[in-house]
Every structure is written in C-alpha cells, then in structure tokens.
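For reference, the structures are reproduced in the following blocks.
Two complexes, one shared chain (chain A), two partners (chain B, chain C).
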Partner chain A sequence: MTLLAVFGLFVFLMASVWAAAAFDMACRGWVSGLGARSADRPLRVAAMWLTQQRLTTEAPDRMNGLLSIAGYLALAMVGLAMVPLGPDMALIALPTSVVLWGACEALVVVVVFLHGWSQNAPLAMIGAYRYVAIGLPIMLLSMFVLIAAALPAGSLDLRDIVTSQRDLWNAIRQPLGLPLFLLLGLSLTLRGPFNYADSVDLAGGTSVESSGPDRLAWQVARLAMLTGFSAVAATVFLGGYLGPVLPSPLWLALKTVMIMALVIGLSHMAARTPVARMMGLIWMILLPLSFADLIWAGLVAF
Partner chain B sequence: MTWLNHLAARAHVPVFVAFGDDAPAEAWTLSRLPGVLIVDTPRAASVLLVAGTIPEALIPYLHRLHDQLPHPRATVLWQSRPTQSIPNAVAVTGGNEIGLVVVNTFADLLAGDRVSEPDVLPNKPPAEWRGVGPHGQGGKGMMGGTPYGRPMAMTDDDIRDGLALDSYTAEFGPFLPFFPPGLVLKLTLQGDVIQKVKATHPPFGSGRPLLAAMLRLMGLPALAVRSLNGGANRRVLQRLIRLSGARFAIPPGLGRMPDGSDVRARFDRMTRTSTDATLQNPSDMALGHVLIGLEWHAAMLVLSSIDAASLQTLCKNSDNDDASSATDGRDPSGHDMHTGHMS
Partner chain C sequence: MKDIIFYVLSALAIWGGWRVFRADSMIRATFALMMSFIAVGGIAMLMSADYIGIATVFMMAVEMMVMGLFMVMFMMNPAGLNPMQMVHQYRFSLGAGIAAFSGLTAAILATPLPDNPLPPGGDTLRDLGFELLGNSMLIFETAGVTLLATMVGAVVLSSGSGRFGSAGDGSLPPGLTAGGRPAGRLVDAVKGQEDTPGNGMTMEKKPAVRADDHHGTGH
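For the complex of A and B:
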C-alpha cells in the first residue's frame, strides 16, 4: 500500500511538473502577446536538453552540484509527502509536520546556494549569495504565517490544520496569510520578483554554467518544488482535501493546481527590484505584516 | 535519427545571439520569431547567431564564446564577416529568412546531416600556471597566488560599509546578454558591489531597445517581448507595465545623470514614448561615477537605461579618469585578473 502511494505520489509529481511547465510556457505566450499557440512543449524541450552535451567549467564541485539537484527534488517530494490526501491519509504522518516543512524551506536555501557554489563561476556565486540574503528573511516571514495558520488547530500537524478549516478556510480567516505565503513560494521556486538566484541580470545565475541534462534536472527540481509548495499552501490555507462530492485527493489536486497557476501568473506579471530595496521591503513592510497576521490569528483564536 | 533527437528537433531552437557592430535591425526582435528561443547563456544554446560584424579586437572573445556552446552546436553568421576559425558556419545575408535558416540548421544538426562544430581554441587553460605552492596558492601562506590566471580571493578595503570582503577583478562582456553589445568592462567586485570600473572596449552604436532590456532585467521577459511589437497596442503594454510594479521596483535616485534624470525617470520616458531618449550632457561624467558603489542588479539597470551614444561618451571619459580605472590588469592585491566572462 505504501509502495503504491509512493508510486502515485511520484506520478502526480511528474504530471504536475509537466503541467506547470506547459502552463508557464503558455503564460509567457499570453503576456508576450504572441499567444499560447506560439509556446513550446515541455517534452520537446526536455528532449532537446537531453540531447545536449553536459558541459562544465574546468573545476566544478561535481558532488555538491549533484547533491543540490537531488536535494532540491527530495525536499519537494518531502513537502508533497507530508500533505494529507484524506482524513488520516498522509505518506509522512508526523504530529509536527509544519516544523518539518519549515526545515525543508531552510534547506532549500542551502541547496540553491550549493548549486551556485558548485559551478565554479562568479555570476553563479553572486546568485547563490544573493539568494541566501533574501531567503533568510523570507523564511522568517513564512514561520510567522505558518504559526498563525496552526493556531486555530492548536497543533503543528497538517492533518489537524486541515480539519480546523472544516467551517472556514484559513485563507479567509487570516486574509494576510496566503498572499504572504505566496511570496515565499516565489522565493522557494526561484521565480519572478523573488528570483534572485537564477535571474537574467546574472545570465541565469546559479544555472549560468549548466547545460544539457544538468539544466533539465535543475528545472524539473524547481517545478517539483512548485508542486510541493503549492500542495502545502493548498493544505494550510484552502482546506486541503476538504470538499463536497469529489474524492478528497482530487480536491487537493485541484487546489494545488490553482495555487501553482497563481504563482506562475505572478512570476510573469510582477517586477523584481534590486536586492537592497527588496531587503528593506521585507524587513520593514512584509515582516511587520506577517507579525500582524500572527496577532490577528491569535485574537481570532481566542 | 533516434526518437529523442526527433522529439528534440521539434523544440524551439535555443539560440545565443552575439551582437556585432551594425547588427541587422531585425536582430533585436528575434525573440518574436516562431520556433526560436533566445537564451541568456551559451551553455543553454545549440546555435550561436553572430549578428553583424565582430571587430578584429573582439574576435578572440567570440572564439571563447563559441567553445562554450555544448555539442551538438552550429554557428550562423548573419550579415557578418566570414571567419576562417569557424569554417562550417552558415552565412546569411537577408533578414527575412533568418528564422528558417536557424530552424533548419538545428534540424540538420540533430538529424546528423550536419557535423557539430569542433572547438576553435585548444583545450588548455587560457592563462598559464603561475602559482608557487602545490595548489598554486603562492602568496602569503594559504592566500594569494594566481593558479591558471585566477586570483585567489584576497580581502580588500570596502568603499561602502567597511566590511572588508574578497575583491575580484575580471572582464565582463562583450557578449553578455544584459550588457550593451560590444562593451567590455574590467570590473573589480567585492561581493556584487562594483569597486572599480574600466572600459576596455566601448559599446557599439547599436539600436538596442532599452525598454525591453530593462524589463528583462526586472524579471519580465514576456513583457519585454511584447514591448518589441513595433508599437502596436501600446496602451495594453503600458497598463501591464504599470500593473507589474516595474516603476516602483526601480530605486528612486538610482543612476542620476547631469540632466537630472534617474533610471526611473528614463524608464518612464521609455514607457510613455516608444523611443529611447538620449541623455543630455553626459560629457563631464565617466563610467566610474555612474557605476562604482552599486550592487550588480542596480548597476545593470543603470547600464540599460543609458543610450549607446551616451555610453560611448562615458567610456571615453573613463579612459582619462583615475577614479574609475582599475590598476592596469592587476587587482588591488597584486594579482592578474580573471580571463573574462561570456566573452
């Protein structure tokens, strides 16, 4: 049964990676005015990268490079595995799953840094350091928001957080929570306004030296993390598997896809500001807002 | 042809564009061509498109760039001088058929009808071993030295906040996709803060669309493509730019010039009108005055907000400007600089 669940999880992950890539390409087509029909197809791009030679700099840190890709993918899978698919149905059934997710967030900063480090190139290194600078305060924000979401449940277990939303979703009960958490999603998946690691001003940042299969693996890991994050967001803020008529895993999948679409849309439509300005924004506006969210949640819980 | 190659041949062709002098006007709107994907790094490309003439002084940079493309790879010379070092390159003169040529070249490559181009340069380090110790560290104890021309990191005084970080001197350009084409800068960086600047090659007098360049730097590549549609649906573009918060994303006062305009004001001007206005009176400024002390992203925004003619003036002024010139090929700790990025 567990094996079947793991297999199902993997299939869902790969299907959602494909769907996210296709939607991302279509979004690009819409926003650029060329139309979604002009978009490329994910499988063709994957095949193209697989046919390319794997090139590296003269002395890359090969082990840490592989570790960063595998780690990113593993963290995405852990995130997805701790999400309850139905009442008492979670692959990683942990009474402190919110804490485990927090650890995953922190480790994403480590793996992205390692990816930049392992390339042995200055633009990749700048991307890596920049990501750490922004990744740390964004994580603080996420902690406040997650603790606020756990308050009504009185538990750090994602299963309890879902059941606490039987009457009202956290997205409505704590209106600041989901928008703030989405910003974390942009950062965890290196997208749009929070893509400080792999951005154009660094010619691809931590990916600047990646080619062929390495490039494909890193992009798959990024999209897998988007799935993992979206499933957690759907669970914490949109009632997870709860919903009428349809089977519970389907509700979860639908809500996950919705969050994914929201994050992808945001990443095409919101501008990125230089790091120093973003740092000010996070510390002076977003963190106080997340604290306000926590106070609000506390007041409502009592 | 394997099924994988067959599938890959139907993907958009990943193209890295090396802009030369007098690049065809259509080269700036290549990202709107069907079946072509303009990529930011040669590592992601299968086709190197050389648009316009590469001056003799920059040919060695082109060779280094060429060898950074993974196999299978091909070069297309578009209204460019043929080069003996890449004998199999496809030459194109007209503007209309470029998309078709690129797509066909890529298909031939994957079908095996076209041989992947070999390296131009020999497979050996561009700079010789100059270290002293077993790992080339050479200098003071574990520090210093220039193994294969790459300086070991050494701390240096910081001009901004007193935090002494490792300083690193290297050449950047002339083909970095977010740089004005042709511009080669020797930069000394601490972290990503620019400490010293010297222009070793001025930018071409190109017609690079600055609004698109700035939008790309702000993480809005799709909007950048939309801005290249020749002015159609300008209102929709303006609305989308406003919605994106791009104006707010540019720090106020960044890159202020003698005419009083900052990057934000220049961005506003570009968004309002479809033309890139030239700067007024850049004559008494040097590149160092504009870039030193800025973090990388902000510095790139500044560079992309200035028209090519004004940048050429700033570069010329930099030649005579002590503040902006690096210590002539050696970083402050006495090392030779790195041999270049995306060159």
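For the complex of A and C:
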C-alpha cells in the first residue's frame, strides 16, 4: 500500500511538473500575445537543456550549488509526502506535520539563497539577497495563516485538519487564509510578483549562470515545489481528499491541480514591485491581515 | 534501527560542527552549523519530542540565514566566494576550547541524567503545550516579550538612517578629506544654480544630492 502510494505520488509529481510547465508557457504566450505553444514544448526545452554543455563561472561553490538543487527538490517531495491521501493515509504521518511544512518553507529560503550564492556571479548573488529579504517576512505570514487553519482542528496534524473540514472548508471558514497562503506559494516557487530570485530584470537571477542539466534540474525542482505547495494548500484550505463519489486521492489531485493553475495564473497577472515597496506591503498590510485571519479563526472556533 | 539513526545523526552533528571551523567561507561555515543543528533536531525527534525537533529545524534555518547575511554584511570582503582565513587568536582559542570541552564533559559525567521512558502513546505535544502555558508560562512569556522588544529596537536603530545619512533623503557619500565635499559627481539641488567643477570648494554648505538620484534638477 505504501509502495503504491509512493509510486502514485511520483507519477503525479512528474505529470504535474510537465502540465505546469506547459500551462505556464501557454499563459506566457497568451499574456504576451505570442500565441499558443504546443504541449510538447516543455519536453523539447528539457531535452535541449539536457544536451546542452554545462558552463560554469570561474570558481563556483560546486558542492553548495548541487546541494541547493537537490535540497529544493527534496523539500518539494517532503511537502507532497506529508499530505494525507485518504483517511489516516499519509506517507509522513506526524502529529506535527504543519510545523514540518513550516520548516520546509524556511529551508526553501536557504536553498534558494545557496543557489544564487554558489554561482559566484554578481546578478545571481543580488537575486539571492533580494529573495532572502522578501522570503523571510512572507514566511511569517504563512505561519499565522497555518496556525489559524489548525485552530478548528485543535491539532497540528494535517490529517486532523482535513477531518475538521468535513462540514466546511477552511477556505470559506477563514476567507483571508487561502489568498494569503497563495502569496507564499508565489514566493516559494519563485513566481510572478514574488520572483525576486530568478526574475528577468536580473537576467535570470540565481539561474543566470546555470546551464545544461543543472538548469533543467532547478526548473524541475521549482515546478515540483509548486506541486508540493499546491497539495498542502489544497489539504489545509480545500478539504484535501474529502469529496463525494470519486476516490479520495483523485479529489486531492483535482484540488491540487486547481491550486497550481491558480498560482500560475496569478504569477502572470500581477506585477512585481521594487523590493522596498514589497517590504512595506508585507509588513504593513499583509502581516496585519494575517493577524486578522488568526483572530477571526479564533473567534469562529470559540 | 533507532540506534543507527541516532549514531548517524550524531556523527552528522559533530562533523557539521567541525566543518564550521574548517570552512574558508562565511556562508559555508554558517550552513555547516545549520546542518549540525538540523541533525540535533533529528535526534530530538527520535526522543519523541516531535515539536521541539522540527521547531529546531525551522528556527535554525531562519536564524542561520539571517546570521549568514549579517556576517557577510559586516565583513571587509563581503562578496564572492574568495577563500578567507576564518580562525585567529590561536593560543587563546586553544585554551578556551580545552577549558570549555573539559568543563562540559565534566558537567555531563557528573550530572545524574534522568531515566524515565515515556509511556507508549503519550501525547508529548499536549504536555509541552500545558508546560509552556502552565508552570513555565512566566519564563517563556518574559523571554518572548524581551526578544520582541529587542527585535523592534534593532529595527528602529537600523532603519532610521542609512550608511551615509538619513535613508529617506537620498544618500550622501562621505568626503574624500575630513569635512570636505562629498565624493562623487554632484549636482546642486537648489534651483537655478549649476554645479560647475570650478567652484567645488563653495559646495560644502549647500544641500547636494547625487546626480543619479535627481536627474535634471537645477536646470
């Protein structure tokens, strides 16, 4: 049963990475007016990167560079593995799985920073520093939102959080929770308005110097993190595997894909502000909103 | 099985701690320390202290990230991966290291360590919660509020002014000579007056901003 779950999750991860890449390209074509791209384009780009020569800077920190890519992918997989697939069925079954997800979020900031740092190039390093400045405060926001979501369940276990949504999804019970959590998703996956690490204005930021298989692995890890994040978001706010008629893992997959599409759409529709302005936005507007979410959740649960 | 994991994690913790002093880069040293702490967090999880173990991981991830950033910020050679000598004061540190090691070892050997296994199925999370908000509430709340005040104080101290003056007013680099005019290309902010290279000495008392901050002022 566990082996089956591991296999199923792996297949879902691969399929969703491809689908997310294709949808992302389609969105970019649509927004920029370049027109549609064929669905096999992600595979072509992947093949191109795989066969491309690996170029490096003069003295990169090779160990930390590889560790950052592997770590990013591993964190995404941990996120996916802690999500319950059915009643009492989760690969990582911990009474504190929400806290574990918080640890994953914190470590994402570390690995993205290391990815930029290890290239030994100015633009990559600027991307890394910028990302830390925004990545840390936006993470605080998610802590409050997640605690609020854990309140009605009275437990830090994702399995209990799903069960507590049997009557009403957290997305409806705590209307501020999901929108704020989606912003964190944009930050965790280096997308759109929160893409301070790998953005175009830095010619690719932390990825500016990576090429060949390294580049492919980093992009796959980014998309895998999108899947992991979306699965957690679907579980915490949209009732996870709960749903009528269809088998429970299918419901989870459907909701996960929906959140993924939402995050990708958001990343193409919202503009990126300068770091200083985003900093003000986070500390003065978004963080108080997350306090409001927590208070609201407390009052409702009471 | 648990024993094997314990020894692996312990070895990782010790190896990480050793690498902190062998690494030649601030960032490598920082994250070696983080790895050491993460291994300790794993050991805490082995001892059924789930929450404390995972909390150690995320606290250390954030803390080490911030610490690494600050260390690089305050270094003379902030950027890049150029190797640097990270150890100094050999004699003093040797003595301090031996003293600390023997002291801690003696303390561990002399302390009667508790030996009370948890009853199976105990809810450690609940116990921890009641401890934090029960008997130990005063200590933790005092520590929490003190830390918060420290953080707010640090933000207030650091945000009021930039390195070359008030952060809100644009920035002025220091002069090349003591009390001299600010270094760099300047334009006069006062309307109608232009900064001519000839009368640079009269510039000292006028408000001046860098050319790249205010394009076209004074024209």
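Here, the second predicted complex is superposed on the first by the 297 of 302 C-alpha atoms of A that agree within 3 Å, B and C clash if a C-alpha of one lies under 4 Å from a C-alpha of the other, contacts with A are read in each partner's own complex, and residues count from 1 in each chain.
Here, a residue touches a chain if its C-beta (ideal position, glycine included) is under 8 Å from a C-beta of that chain, and two chains touch if they have at least 3 such contacts.
It should be emphasised that the depicted structure is a prediction, and the values quoted were computed from it without experimental measurement.
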Once the structures are superposed on A, label A:Ala93 by its partner contacts, choosing first (chain B), second (chain C), both or neither.
neither
Where does A:Val109 make contact in the superposed view: on chain B (first), on chain C (second), on both, or on neither?
second
For A:Ala301, select first, second, both or neither according to whether it touches chain B, chain C, the two together, or no partner.
neither
According to the stated criteria, A:Tyr129 is in contact with first (chain B), second (chain C), both, or neither; which is it?
both
Identify which of chain B and chain C touches the larger number of residues of chain A.
B
Contacts for A:Val208 in the overlay, against chain B (first) and chain C (second): which applies, first, second, both or neither?
first
Once chain A of both complexes is superposed, is A:Cys27 in touch with chain B (first), chain C (second), both, or neither?
first
If you lay the two complexes on top of each other, which residues of chain A touch chain B in one and chain C in the other?
122, 129
Per the touch rule above, chain C residues touching chain A in the complex are 25, 27-28, 31, 34, 50-51, 54-55, 57-58, 61-62, 64-66, 68-69, 79-81, 123, 125
Quick check: in the complex, which residue numbers of chain A touch chain B?
27-34, 38, 40-41, 43-45, 47-48, 50-55, 58, 121-123, 126, 129-130, 192-193, 195, 199-204, 207-212, 215, 267-277
Give the list of chain B residues in touch with chain A in this complex.
4-5, 7-8, 10-12, 14, 32, 34, 37, 40-41, 43-44, 46, 68, 70-72, 110, 125, 148, 168, 170, 176-178, 189, 191-192, 216-223, 225-226, 229, 233, 236, 240, 243-246, 248-251, 295-298, 300-301, 338, 341-342
Touching residues of chain A toward chain C in the complex: what are they?
59-61, 64, 94-96, 99-100, 102-103, 105-107, 109-110, 113-114, 117-118, 120, 122, 125, 129, 132, 136, 139, 156
